[in-house]
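Have a look at these structures, which come just after this line.
One chain, chain A, links the two complexes that follow: it is found with chain B in the first and with chain C in the second.
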Partner chain A sequence: MKLAPLICAVLLSASLSVAAQGNLEVDSPAIGALKQSMHQRHSQLAPLYQSGAVGLAGDGTVALHSAGSVPLAQRGQVNALIAAENADRRALYREIARANGHPEWESDVRNTFAQRWVQRAQSGWWVQQGGGWVQK
Partner chain B sequence: MALLSLPLTASALGTLVFAVGRVEHPAFALQGLQFDFPAGGRARLSIARLRVVDRHWRNVRLDCAHGSLDGATVRCEGGVLRLAGLPHPLQISFQLDLAARAGTLGIAMPDGARLNARLLTDGSVQATVTGFDLGVLPAWLPRLKAWSPGGRFDGELKWHPTRMFELKGRLAGGAFGSEDGLRAAEKVALDVRVDAALKSDRWEWTAELGWRDGATYLHPFFIEAGPSLRAHGQVQQGVLDIREASVTLEGVEQLAASALLNLHTGQFDRVAVALAGADLAVVGPRWLAPIMAPAAGGRLRFAGRVSGALEFEHGRLRLLDAVFDEAGFSLVGGDGGPGLAFGPLSGYVPWRDGLPTRGALRVGGGRWQKLALGAFDLGVDIDDRRIRFDRLRIPLLDGALVFDGLVLDGGDTDTDWTGKGSLVIEPLSMHLLTEALDLPSMSGVLSGSIPGLRASPGEVVFDGTTVVSVFDGYLRATGLRVLEPFGVGSHLTADIEAHHLDLAQLTETFSFGSITGFVDADVRGLELVRWRPTGFDAKVSSSEGRYPRRISQRAVQNISSLGGPGAIAAIQRSLLGFFDTFGYREIGLGCVLKAGVCEMSGIDGNAEAERFVIVSGGGIPALDVIGYNRRVDWRELVERLQRVIAGNAAAEVR
Partner chain C sequence: MSPSLRKLFLGALVLTTSACVTINIYFPAAAAEKAADRIIDEVWQLREGAAAPAQPSAEDKKP
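What follows is the complex of A and B.
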């Protein structure tokens, strides 16, 4: 009876270590197109990160943090911008997992990227940690 | 109003004291009032307990610069009232005839706002409010603090002793904003009229609102001034019952709603909305796109009309009915191309929380990329977040796409939906298909059987076989997957085999010169990004069997131009000028495309050798076409091929 949890733990650690060996820098035309799309959008998102309107969520997406600083008429556009960015981010995580030959690694890729985004966030940006928002 | 008076008393020091036990009104209550009139014309009003709406104070004091008691008339002028929670004292003057129960009251705020009220002998009250700042409301109603209300209100209030009141006025520069900014309004100008009457234990009311200016953002909707509202209902035991609200909204013929608002929690317990004759071209971008596809809102197009109903309970959707009338929906492609479109579309789609329903739509047609889709009927069984489609036959050219057992399961979240079913492609004429796609005309037929059609976020898998009979042979595509179909990273992968393609037809179709004979092709791991190849391992080789094998001078030149400089053995170049056609024994060309580079190979497939034979001569006259550059930039190769097909560039022969 006690073996079952142990096996589960070993399998889990094995799967995590396999995932850890994945290449997050892997490239493909689709990944290139997604990165380019995100890069182009970043010029619109950067001031929103800086103002605190948009923050980096804990699940590797971006989220509305405090829209109060955004002019009313543009809040819908910010919402659309966030949705577009998250669609690209989710696609990027799936593509990187696929390009590594392991589509099932998607959640691991997403978690790793989530940590990366938070680590690389600039001073003053809002990031989600432990379920709450923190300003870096 | 109940007035309980206590007797007047005068002390030996000449101070007059006048006390009132209690004054009550639905909107306010005063208890333990005491007027002191010390010598010198001043006056002071002490209130042991004061209630305004649901805010309570104790030991409130009003100091009057001038006060008097003349018979039964109490006067206070230049009074100053300080209340805990209010940032500034109130300037108050009043005159009250206790015998006649009549009087006047004036309240001035430091910011210029004024309230002037008259208490008439019949018990009615008439009040005017000028420049009242909504920003002070949180001091009276702390629950509003999180909404940061603002704006100025001017209006009139009439209170009748029969417990009726009328309020009409105008809000200017109205604003509010939740802390997260998801609900906010700015520069709102609103005309308001409310009539209410107390009937036994409930207030019955009617209201009219006219929104003249400003805008609001109620996530995810941005709404500008224009709508107006007429509503009636009642208030009872802390619940605001909006029995019927009629809203005029641009693009909607009729919009009605009812709701129950819990005044204690500030939450709607129930909301029901019904609309008729909504113009989708107007309401679609404003109300549907932000919910359906915020990321693609700019690419969504709407047309036609929709009617329907929605019901929410405690914020949860319980019912949805949609009736479409000649509606149209289209999604422009991510690359600006024609994308996907359906319509005109008419029919009924119902949804009930926890109950199965059935919907039926008649779709007049559609378009996918450059392909026009014919009319079809769409029957669906809906059960919560699961939709099961009836057998669905979508006419396409002279054939059809037939989906069977198609089921979409919404999953627990928006990002874990799945779909499955099977697809049969009834034979399509290649002549019509190539014509529709602006490709060189080909004869033949395309058909397919995909028993394992599966879809999930970011992936559509076609587990089956699609066969194209073309050029007297056939192409067979298997392992077809469309990845990230609606995003910028959209790409497609497949394996393709071709058998016994007639080179004479093929080369004629693509104006490649003339080759007689047959070829097989094997393309593994084909990857297309935006319909352009980005990866594959392809091999084309002569088919087995005995058949005439001739290649024209033009085809030799074209193949050699694809193979790059020096593709023909120098000793044989002079032959080209003398003969129109040449015999060949075998043709073979391979390309492994990776990272934009085509690693080429020839008949022998020997990747180590520097040179590779593309055409091996045979018969008389004969010549070999040999490639010397194994690594070729794919883009350059495609440009060469396009130039060859277009006939704009003469092949280089050296």
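What follows is the complex of A and C.
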């Protein structure tokens, strides 16, 4: 029975390494494509964040914050940008949950992202916190 | 196998199983935050300062 302590040690170390892993897989091709698409759109969205026209909503999406700062002629275009960005963001949250074999994590992923987008917004940008808009 | 060794063996087995179950059921919040930050970095490219040039130019206009 000299083997028993060895087996115990192996099991213990296995349990520790498994517990330490807890990683999130975010490198699927679908996630890569969404990141690329969002990165390209960001060059158009950044000036709108800066002007306050568009803000970061508390639910992990972007939203029209002050329509008044957008010329009437460009409002349709801004709304289309917001819709496209939100479609990508929703797909991103869904894909991350799915890539990890847990589609039910989608809302957890969205909540995590919502907090991080808001926390990392640049100064001058508008973000939704506790239901109200705040300028960072 | 002595009784104490058997207990240790069982304990290790339970810990291993529970560790697996823990990972599979609970959302890894800390890992998710790190993953979110990495993706936000890539999307916003904060290090390259994609939106940063707007700020110095606004400062320059001030008298």
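In this text, the second predicted complex is superposed on the first by the 111 of 136 C-alpha atoms of A that agree within 3 Å, B and C clash if a C-alpha of one lies under 4 Å from a C-alpha of the other, contacts with A are read in each partner's own complex, and residues count from 1 in each chain.
What we mean here is this: a contact is a pair of C-beta atoms (placed from the backbone, for glycine too) under 8 Å apart; a residue touches a chain by one contact, two chains touch by 3 or more.
Predicted model only: the values in this text are computed from it and were never measured.
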* To do: Check whether A:D59 is in contact with chain B, with chain C, with both or with neither, and answer first, second, both or neither.
  => neither
* To do: In the overlay, answer first, second, both or neither for which of chain B and chain C A:A67 touches.
  => first
* Asked: Who does A:L92 touch here: chain B (first), chain C (second), both, or neither?
  -> both
* Mind working out whether A:R116 is in touch with chain B, chain C, both or neither, as first, second, both or neither? => second
* Structure fact -> Overlap of chain B and chain C contacts on chain A, residues 31, 92
* Name, in rising order, each residue of chain A that touches chain B in their complex. => 28-31, 33-34, 36-37, 53, 64-70, 72-73, 75-76, 79-80, 82-84, 86-88, 90-92, 94-95, 98
* **In the complex with chain A, residue positions of chain C that touch it** => 1-2, 5, 8-9, 12-13, 15-16, 18-20, 22-23, 27-40, 42-46, 50-52, 54-55
* Asked: Where on chain A does chain C make contact in their complex?
  -> 1, 4-5, 7-8, 11-12, 14-16, 18-19, 21-24, 26, 31, 35, 38-39, 42-43, 46-47, 49-50, 92, 96, 102, 105, 108-109, 112-113, 115-117, 120, 122, 124
* List of chain B residues in touch with chain A within their complex -> 177, 179-182, 184-186, 215-217, 219-222, 290, 293-298, 415, 457-459, 483-484, 486-491, 527, 529, 534-535
